[in-house]
Structures are given as C-alpha cells and as structure tokens.
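See the structures that follow.
One chain, subunit A, appears in both complexes that follow, with subunit B as partner in the first and subunit C in the second.
Right, the complex of A and B next:
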C-alpha cells in the first residue's frame, strides 16, 4: 500500500539500501577493508553514529598522509569530553540548572572508554558567588576523568576572579597532550567600566551578565595575555597541532551580546603560523562552528539554556539547530566530545540531550563546507 | 495491536492482571455490540479539518468497505488458533482495549505492552507505543503475524483463512473489484477503525461554550492541567488538534521502575557502539531479552529515544485502564502520582519531567478534569470505574511520594545527596490560577 507518511523504518531501509548500493561498486578487498576500518574506529571511540549503518569515521581510521606530513604518524588519536556553561545559582534559588549540570556529569561518566580529560568551558556560576562556584566544584568532582577548567565572565566579575582562582588556579595555562599543544585562555577580560561609575561588585557582575547594554566593554584576551600566548607558543614547532580553549569565541559574531572578542584578529595572527589550529569555545550556548584561515572554531553546548542565534554575524558554515522546545528543559542543551585525529584536526560531537547527536567533522570546516556537511539537528521526524 | 516480544512471564502477568483489575474478566471477545458501530461525525469538538487530512486518498471511506472491515475486525479466523480476533484486545465495551496491563494473544501468551485504544487512532501520526508503524493499514500485519498475538505464520496464511469463506470473497469483489489479498484486508480494517471517533465529551461541550458541562473541580483541574501540572506540554489541546497528544515520544521514567532498565540501556548502547551500527544486533537483543522497556530506541537506535514511548491521548481514560505502556498503573491517581514525584529518575529522563508539588486536592481536580474527557457512550462505565478508583485512591497510593513531589529529598542515583532536586516553591501561588478567572 502507498503510505502517506514514511515511517522511520522505511526511511532507514531506503537509506541503508542507498549505502549498500554504493558499496557494490567496490571490489571485495576494498569493501572488507572499509568495513573493518569502520568497525575498528567505532569500537575505538565508542561512537554512536548518526545512522547505524553508516561507515562512520572511516577517514579517521586510515593513517593519512596529512598525519605523516605533520610528523604525527603513529601518534594515537585521543578523545576529550566537554561540559560547559552550567550557570549555577544556589540550589535554593534554581534547581533546574543543578539538574542539567548533574546530568552532564552522569553522561560523561557513562562514556566507555572514558575520555582522556573533560574540558569545563566556563560560566560554572551564574553570578560569581562563592556558594555557586562551590556547588559547581562539588558537582564536577563527581567526574571520573580529570577536569581541565576554564573561566567564564559569570565566574569572574563578582570578585574579579579571586574565588575562582583560589579554587581552580590560574585562568590561563598550557599543556602538551599526545603530541598536541593545548592552550587554555582567559578571554573575557573587560576594560574597567565600574570604578568611574562607583559600581558595587554585584552591580558589576549583573552588568556583565546582561545582554544588549552599552555600559560594559567587549571581551578581550588583552595585551598581557597575548604576550603570554606568544611566549608560550614560541617554543612550539609550527607543525604541532594546536588546541585552544577560550570561553568567548575568538572571532566577532555579535557585538551586543558579547558573542565577541575585541582583539580576535590579533589572537588569530599569533595562531596563524600553525598548520592546524582548533579553537573550542563556550559562551554561545548553541551549535556553532566556523573556519577562519587555518583556524577551525567549535562552540560548545550549555547545560543551562540554549541561546537563540544572534540576528546577524552567524558564520555561514554553521548549520543551525532549530528552536528548542520551551517545555523541555533539556532540549537544545547537552555536552559532547572532541575526537582529535592523528593528523591533529578535531571532529566535534554535539551530544544533544533530547535530539540525535550530531558530528561535525573537521573536513567540513577546512574544506569550507565542500564536503561532509553535518545534518541539521531536527527533532526526530516521523 | 502493540504486542511484539515473546514473553515468558505468563504467571506473573496473570497474577498482576487479576490483582490490578480484579473486577475484569479475562475473556474479552464480546462480539459486535452497539459500541462497535461506526461513530457519527456530529460530535462536539470533532476536528473536521484534521479529519479531512487523515483519510488517505488511496483508502477512502465507503459504507461497504467499512462493513467489510468491521467483519474482519471481529473475525477470529485471522488468528492461528481461530480464537483471537482484533477485538480480543481491542474490545469496544472496554474503550477498544482489553483493560489488562499487557495483552493476551493466542494460547494465552502475554506480550509486553498495554493494548492502545482504537478510539481516535486514525489521528495518530504513528502507530504502536513506539511508533514503528506509520499508518493504521501498515500496523495490521504486526499483530496478525506476531507469534504471541494472532500468530499467523504469514500474511498469505491470513489471506487463505479469509478466502475460505465464500461470503468474504464476494465482499472483496464488491468492494475492491478483485479477490482477497492482504493489502485490501488492511485497507478494510483500517477504514473501519477510522470510524471510531471519540469526542462529544462534557469537556468538548464546555469548550464549545456550555459553562455548566463540567464541574468546578474539573475546571480547576483544567487550570492545573495548563499550569502547575505542566500536562499540556505534551498532552496539548487546541480546537484543530483536540487530541491531548503531541504525537512525540518521551521517557517519562516508566521503564525505570524496573531496576534493570539503566544497565539494559547501557548494554544496548554498548552493542550499538561496538557493532558500528548493529541494527540487527539490537533487534536480536530486543527479541531475545526483556528490552521492550527501551521503547522508541528499538526503532530509531538513537540514545535520546531510550525508554521513550508515544504520548497517548487522554480521552476515555476511565474505560482504558490500566495506564502506561506496561499497564503498570492501576488508577489515574497512581498515574498522576508518578508525574508528581518527577517520574523515576534515569539518565534518559525527558527534560520536561520534573517534580510538580501537586497537593491531594489538586490531584483530585485533575482526575475530575480527565473524567470530563469521557465520550457519552462510555459515561456509565467511566462513572463506575471512577468510583472504584476514587475509593482505592483513599487507601492505596503506591506511587505517592510527597517528599519527592515537593523536592524535599533527592530522587535516587546521581541526584541523591547534596545535588538532590528541590521542588516548586509551595509558598507561591498556583501559576495556573494567576491571570485566570
């Protein structure tokens, strides 16, 4: 009979047939190689592919020429997880965000194998209070994997980072991980707008936490930290893949919401000599990715609320997620993983809690959208 | 209609069934009565526009086809043992269900899921609790060939069984212009099922302007339904879609009543990951083990669908008890208690499921509202069931957990201890009443 609606199964079978038809073009030897590589890669990462039959991550499994060229041949690829933008209030004020943060921790703890480490992307607290940061610290302490902390403006502007630094240490640092140089930046400095206005710490924090106000200044890495970054990178060969973690996107997306880093161009210039640079940032609470020159950018999901896309400035490479269901606390939120490939490029998995996971491949970004376009994260259709 | 998985829990289910619905006989097939007749479209609240959309162009409603479909719906010959017709589990006098926790097929075998009603099933965007079938026509093959339901070895066997009756061959000739075949059996039964329209309830009359159609308690319930109770976020009502369902799939923490739900889910995810897409492996697991509780996941293989089941309509609930996909809740109070405490915590719980902090009287009002969604032909039966459930709710409340509902304690693994949920502030006015009349 002619069905008016195609069921999930019907679409599944059609898609699978299409893939299998494509495979028939391969000779048996190649086919087996592809299959084995696919299974191996999937097993290695415990990946849940977008479609169960897809031969996912095949490209990653084959040691490629790029890896050899960067001198990374034989380097094991690695995976790290991320949790970002938990925006915790004290529990007595708001339990929803606590729930989101705990869910993310449970999610990441359930990964098998465990990631090498977990990046926390900043904005642990909502208004920078000790009670909020302490709650966040307790929740993150439940993570099985080691945590790399990054600071966000909501953690910082109540006491200009005193409590956060007391708990978590310096806000910018770097380390080497399996052949990749990792830099964590504090990218949310602002010019002093509060002293002249005689603002209290709480007023300063509230101002920074707001959108669309002309009082606060724009985020910046700042002269001192750019200098630190240059010095830090001075000893790193240009063939070494670079991973940068920053809270704000290191480019200019939408000024009025501070989806913005004022000195982005200068930071990009420091990173320019390196062959492969990936920037992972928080703050924007949405699926967001971009490519500028040699730099691939991925935004992280929040566990607290999803931002709508800004009215202008959205990078054209970003495939938008559709509007979140307002009744569903978890919709549009999530956590995720980053697979750093042997060649130093990084694929990003958006683990949306109430939608299908979406993998954005570095190939999509570095080809400027010519290959591997990620699917739009729709609600499951019927 | 919804049974799929082989089951060896017969004894347990029998005990549970008789305990839960002690007053209900296990013999269900009553034969067509007046309740089996096609329903008029002249009902308060009937969504005529929506109706025009859901009648498929390749299977238009005709009286002869509907009559044939009705005969087939009550045809025992469609089952392997000649004893189980569609109405065996979808009995008209029981709101087109069997009022059992899970349904009984041939040779007294029990499946794993609660029989969904045929009433208004024509408006469902997908069929079955897990939505694995897109249309009423397409779903029919499921129960007919399922070994624990009607048990036919193939659809060919079903066609042969129908062909054995000359009268059917004649009717198929008249309706379809050719001999019996399975797609036409499906068309005829689906056409009959599309006559089971269930509106015209006191609530429909209330929404049409009759202020006296429902009680004050039901009006308060409607307010809670749209506010503090958050019911409307999935069971929405509006004049063009007056169905009380979002047609989506949600994990509301029903499967997680079983302690093995989370390990099972992790195992399924593990299989999915390790086989690089083992759709077949999952299917094997699903049939060979107790994976029915994973719900929609078994269809889509997507992690967010773990433990997800279709949002059911709320009409005529007092003739379609017990509730949830596993028939695990005997009364509407138990069902609301489940939601009130924020479901049963599990890693795949839908984001909309949170502690509600409903009081006893608010729950009573909600049930009064749900009772007002009863179509007139079921009014007497529903009244009886309401009285039974009300009486029972005064003494037995297995799901009631006021501390969890009010957020005074953590709710199980992960959320226990210092991170336990806190509930809605009881000092605040009921938001459902703010801005209302």
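Right, the complex of A and C next:
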C-alpha cells in the first residue's frame, strides 16, 4: 500500500538523492559554481533551515547569463529596495529634500548583499519641472542596483507626463522577475479639472501639489489602463505571484487628501483571481498597510516629509508609526526593502531614519492580524 | 456741514431710548444703501439742533443749542426724557419694548458712521429677536439680533480664511525654500492647538501655539519669525484653532 503521506525525513532523503544524482552529470567548473552559489545563497539570505534538502536548482546551474541579467531565471526569495516621494525642488531653492534623497541612495548602496533592483515609488519632482526631474535622475543614477521607475502626480501634471516619458519611458509597464510577475501602474490619472477653470500648467500643477484643496479630481487608474492591465495579466497563470507597483494606494483610505483610487474596486477585481498579490504604493508618506481579500498593500515611506494619519479611514491592520518629531529633519522618513518569499508573499522592512526599523510580515496581513503583530507606537496620531 | 453724532446712552434715565442723528443729508445718503429710508428732520427756524427718534416721527428742538455745539450731560438727559415722554404720549397703549421689536426694518446707524463720534456708544435699533416669556430682559448682550451675529460670524470666518490662505502659501509665510504649512499639516492636522501651553524642551520654555507656529516658520519653512502681534500670525492661529472646533482643551499634553 503506497503511503499517502510522506514524512519529512522521507522527503528530505528523496530530494537529496535527486540533487546528488543531478550533480553527477555536471562538469567540474559548473559543479564548483553550484557549490559556491548554494553556500552564498544560504548565508546571504539567513534563511530558516528548509524542511527539505535544497540547493540551487540543478537544472539552472548551467549558466544562462542572459536570463540572469533580466531576472527571468530563478525563483523567489529575492529582495528589492525602494526609495519614494523625494519631492525635489531645484537645488538652488531647497536643500533639505535633496539631502533626503541622497541619504536614501546612500542607504541602498550600503546594503550587502545588494538588492535585485530598486523601485522608485513616484513623486521624484515636487512641481514637475524638467530641472527637478533631471536633478532626481542624477541622484538616482548613483544607485548601484538597477532602478525601476514609477511616476507620481507631482511628476506628471505640469506637462501631463511629456518630460517624464522622455526621460524614463512608458508610465505603465510590466516585467517578470524570478517567477514573479511585476506590474508597474500609472495610478494617478485625474479627470480634467483644469480646462474649465482656464488654469495654466503651473496652476494645474500647484493645485495637484496641494493635498487638501479639494479642487483636483480623485486619482484613478482609468478605463484604458485597466484594460491594459487585464490584457497584460491574461497570459499570467493564477498561481504566479503578482507584485503591483502603484503610486496611489489602489484602495480607499481618505478621500479629502487623495489617499484614494477612485476605481480601486475595479482594479482589485482584475487582481482577484490571483493567488498572491502584493501592492507596493507611494503617496501616503507614512507606515501603512492593509489586506483586502487576496491582496496585501504596503505603503512606502517618503524621503521628503512625513504625513500624519488621516482622521478617518485608516486600515485597522495598520499599527501606526510614532508621530514625527518636527525638530528632527529626518524623523518619520526613510526607505526600505521588500523580501519576496518563496511562496510569493512579501514582507516589508521600513527603514525609518532615526528610529529602529520595523518589519511587517505577510503572515500578519494574511492572518488579518492574528500573528506577528508589529510593535506598538508610543506617540500615536491624535 | 460737519456731521455730528449724538449718542444717548443714559441707561438709568431711559433704557434704550432711541435717538436719531442730525446728519448732513448728503453724508447720510452716502453712507446708507439705496434701499434704506431717509428720515427728514424738521428744520429749526433759528439754526438750532433738532433731535429725532429712530421712528422717523418723534422729534424736538434742543433749546439754546446751536449747530456745532455739544450738549452737556444734563441737557442730554433732559432731551431723552422729553423725547420719551413725547413718544409715550403719541403711543399711549404701546409698551416700548414691543414697539422695539416691531421696528425690525428701521435703519441702524452704520458702525462706520458712529466711529467719528467722541467715543459715546450709539444704541442700536433692535429688532427681529422677540424676547420670549420667562427670560430676562433688557441686557445689551441679549438684545443683539440675528443680523449682528451674522456680521460677526462673517468677520471671523474671513479672518480664518485669511489664515488659511497664508497657511497654504510659502510666499505669504515669507518662506524661502518652497515649503508651506499645509505640506506637513493638511487641513491643519497634527497641530494640536488644544495642547498648549506646554513645556517645549526644544525651545527651553513653556510654549503657546504661536510660539510653535513661529518656530515652524523659522525652521522647516525657513522664513523670518513673525512678531506675536503680527496680523499674519494671528490669522494663522485663528485658522488652526478653527479646525479644532469641539476638541476638548488639554493643555500640557505631549
């Protein structure tokens, strides 16, 4: 009678035998490479010892340089870093935001091992001027790891994206990375509020830059881009982990401050069939996270200035970060990393400046707060 | 002709007796909206001063007073007594309080006009707020009308709006790095005006809200600190306080 359940020990021995048989087929050079890679992988990631024998996939040990360069090869786990919401003015106007952006770049460059790539989360410029975007590009060019750019409203509404697209390419795109499908959205489209008011580009940009004026429209992904998203995901199996990078949160947190995506439900519906979806978003300048159905949401920190939590609408799962100390120019700000786990879920590390880092685990979100609760604040917003 | 405003506020002798003012007609017309009625005072035969009540009817000539002269206190008291007596003779069955509320359409001397006076307050024509039964009567404060409250609310809201404008503008704040208050404090959130005064260790003193505003103007906004009596600082304070209406005071909270 065949055993319906294999013990851990049995599985271990079977996997080990399979790997060692596979190793016999390698030439010497490849064998040494595999050994080195395996040792390096275990040390670098500080993995909890696996249940069963694991080595770098023997099938992939024959070097495939092209695939590794694009990240197509391999599986999670992997780590990427993020820098977001730098809100740069020209150097001659404001040094403080420049200092923040440079500090984040130095943080990421100091990581060892280096992350696979760095996500830039949007709002590179403050008022969408070419000079500001150029300054941002120069600062980010110092990053050692490759950069994936994402656009924010402060980058877009001066010239409706002309300069951004010239410098950084299409505002929405997708790519595959180590078995994960990554979608980068332009989620800060706004219905035209400026033509009827006869606004100049500068006035339009100034209006969008003001969080609380209530004149601008609410952010949306929009019909066209939702169609693009559906088409893009059509070829992706439902078991593939999905990462969505978005500037607006893709859920509805606080309408008055545009912590909001107007067509959030429709976007979430497109993502619903997928087993594991993680949204990494910018715009909110605070430690923020949420779980809606199958989707985990993590907000990124800003490097420019922190925002208080909105009076209503804060997701119950978010454990607030301490109020920012106005007497400390870096408090409440920072950068961070996302660890994508082997199962495709993601943990987020908030590297808060002048504070201890906070890690928010996918287990906490997926269990709706039952396990792995992040540390409580001492100075919550009120 | 000089305009003169005769204010009669002898409360003991005649609570809220109403006295019209002898303006030069052209000045009066300039100050009133087109819709308001204009009272024609009977002219005196030998250039004396005529005083009229706000009802537009009851009037008397002040004996021995020439145009341009001031009344003494004793004369003023006598005039008010005489006018009141005249009014009561003409309205034998009316209680003057009820007549007062009926006069809701009577013109009120505009506050701007009264500012030329020598400090004496002009009693207003009251109306529209019928005092209800069982309530105390006759107070100055209790006699303000809906219109009064509306005017004051308007003034306050305008001041708060001025503060809101400054709050949202780095130029108005005098900032030099493109930072305005609303960037960190949308809708004046996280300002906690209700927690002042408190000891602010970074300032080494007990701080009031305006001290914190000034600190922010100097530091994140990189402007020049405003004088505590600067109208801009007061307007900012007004805006911030207005956003926290209803929040209990809690001084010293950190």
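The criterion applied here is as follows: the second predicted complex is superposed on the first by the 302 of 382 C-alpha atoms of A that agree within 3 Å, B and C clash if a C-alpha of one lies under 4 Å from a C-alpha of the other, contacts with A are read in each partner's own complex, and residues count from 1 in each chain.
In this section, a residue touches a chain if its C-beta (ideal position, glycine included) is under 8 Å from a C-beta of that chain, and two chains touch if they have at least 3 such contacts.
Note that the coordinates shown come from a computational prediction; the quantities given were computed from them, not determined experimentally.
**Student:** Mind working out whether A:178 is in touch with subunit B, subunit C, both or neither, as first, second, both or neither?
**Tutor:** neither
**Student:** Looking at the overlay, does A:107 come into contact with subunit B only (first), subunit C only (second), both, or neither?
**Tutor:** It touches subunit B, and subunit C stays clear.
**Student:** Scan A:210 for contacts with subunit B and subunit C and give back first, second, both or neither.
**Tutor:** second
**Student:** Of subunit B and subunit C, which one contacts the greater number of residues in subunit A?
**Tutor:** Touched residues of subunit A are more numerous for B.
**Student:** Quick one: is A:307 in contact with subunit B, with subunit C, with both, or with neither? Answer first, second, both or neither.
**Tutor:** It touches subunit C, and subunit B stays clear.
**Student:** Taking the superposition as given, does A:138 touch the first partner, subunit B, the second, subunit C, both, or neither?
**Tutor:** A:138: touches subunit B, not subunit C.
**Student:** Determine, under the contact definition given at the top, whether A:356 touches first (subunit B), second (subunit C), both, or neither.
**Tutor:** first
**Student:** May I ask you to decide whether A:252 touches subunit B, subunit C, both, or neither, giving the answer as first, second, both or neither?
**Tutor:** neither
**Student:** By the touch definition at the top of the document, which applies to A:98: first (subunit B), second (subunit C), both, or neither?
**Tutor:** First partner only.
**Student:** Of the partners subunit B and subunit C, which touch A:327 in the superposed model: first, second, both, neither?
**Tutor:** Both partners, subunit B and subunit C.
**Student:** Both subunit B and subunit C contact which residues of subunit A?
**Tutor:** 95-96, 327, 329, 382
**Student:** Any idea which subunit B residues touch subunit A in the complex?
**Tutor:** For subunit B paired with subunit A, touching residues are 56-59, 125-126, 131-135, 137-138, 183, 186-187, 230, 233-234, 247-249, 266, 269-270, 272-279, 282, 299-305, 347, 350-352, 354, 407, 414-415, 418-419, 421-423.
**Student:** What residues of subunit A sit close enough to touch subunit C in their complex?
**Tutor:** 89, 93-96, 126, 210-213, 256-257, 305-308, 310-311, 323, 326-327, 329, 381-382
**Student:** In the complex of these two chains, what residues of subunit C are touching subunit A?
**Tutor:** Residues of subunit C touching subunit A: 168, 177-179, 182-187, 189-190, 192, 202, 216, 219-220.
**Student:** Within their complex, state which residues of subunit A touch subunit B.
**Tutor:** Listed in rising order, the residues of subunit A that touch subunit B are 1-10, 12, 38-39, 41-43, 46-49, 51-56, 91-92, 95-96, 98-99, 102-103, 106-107, 110, 112, 138-139, 325, 327-331, 333, 352-357, 379-380, 382.
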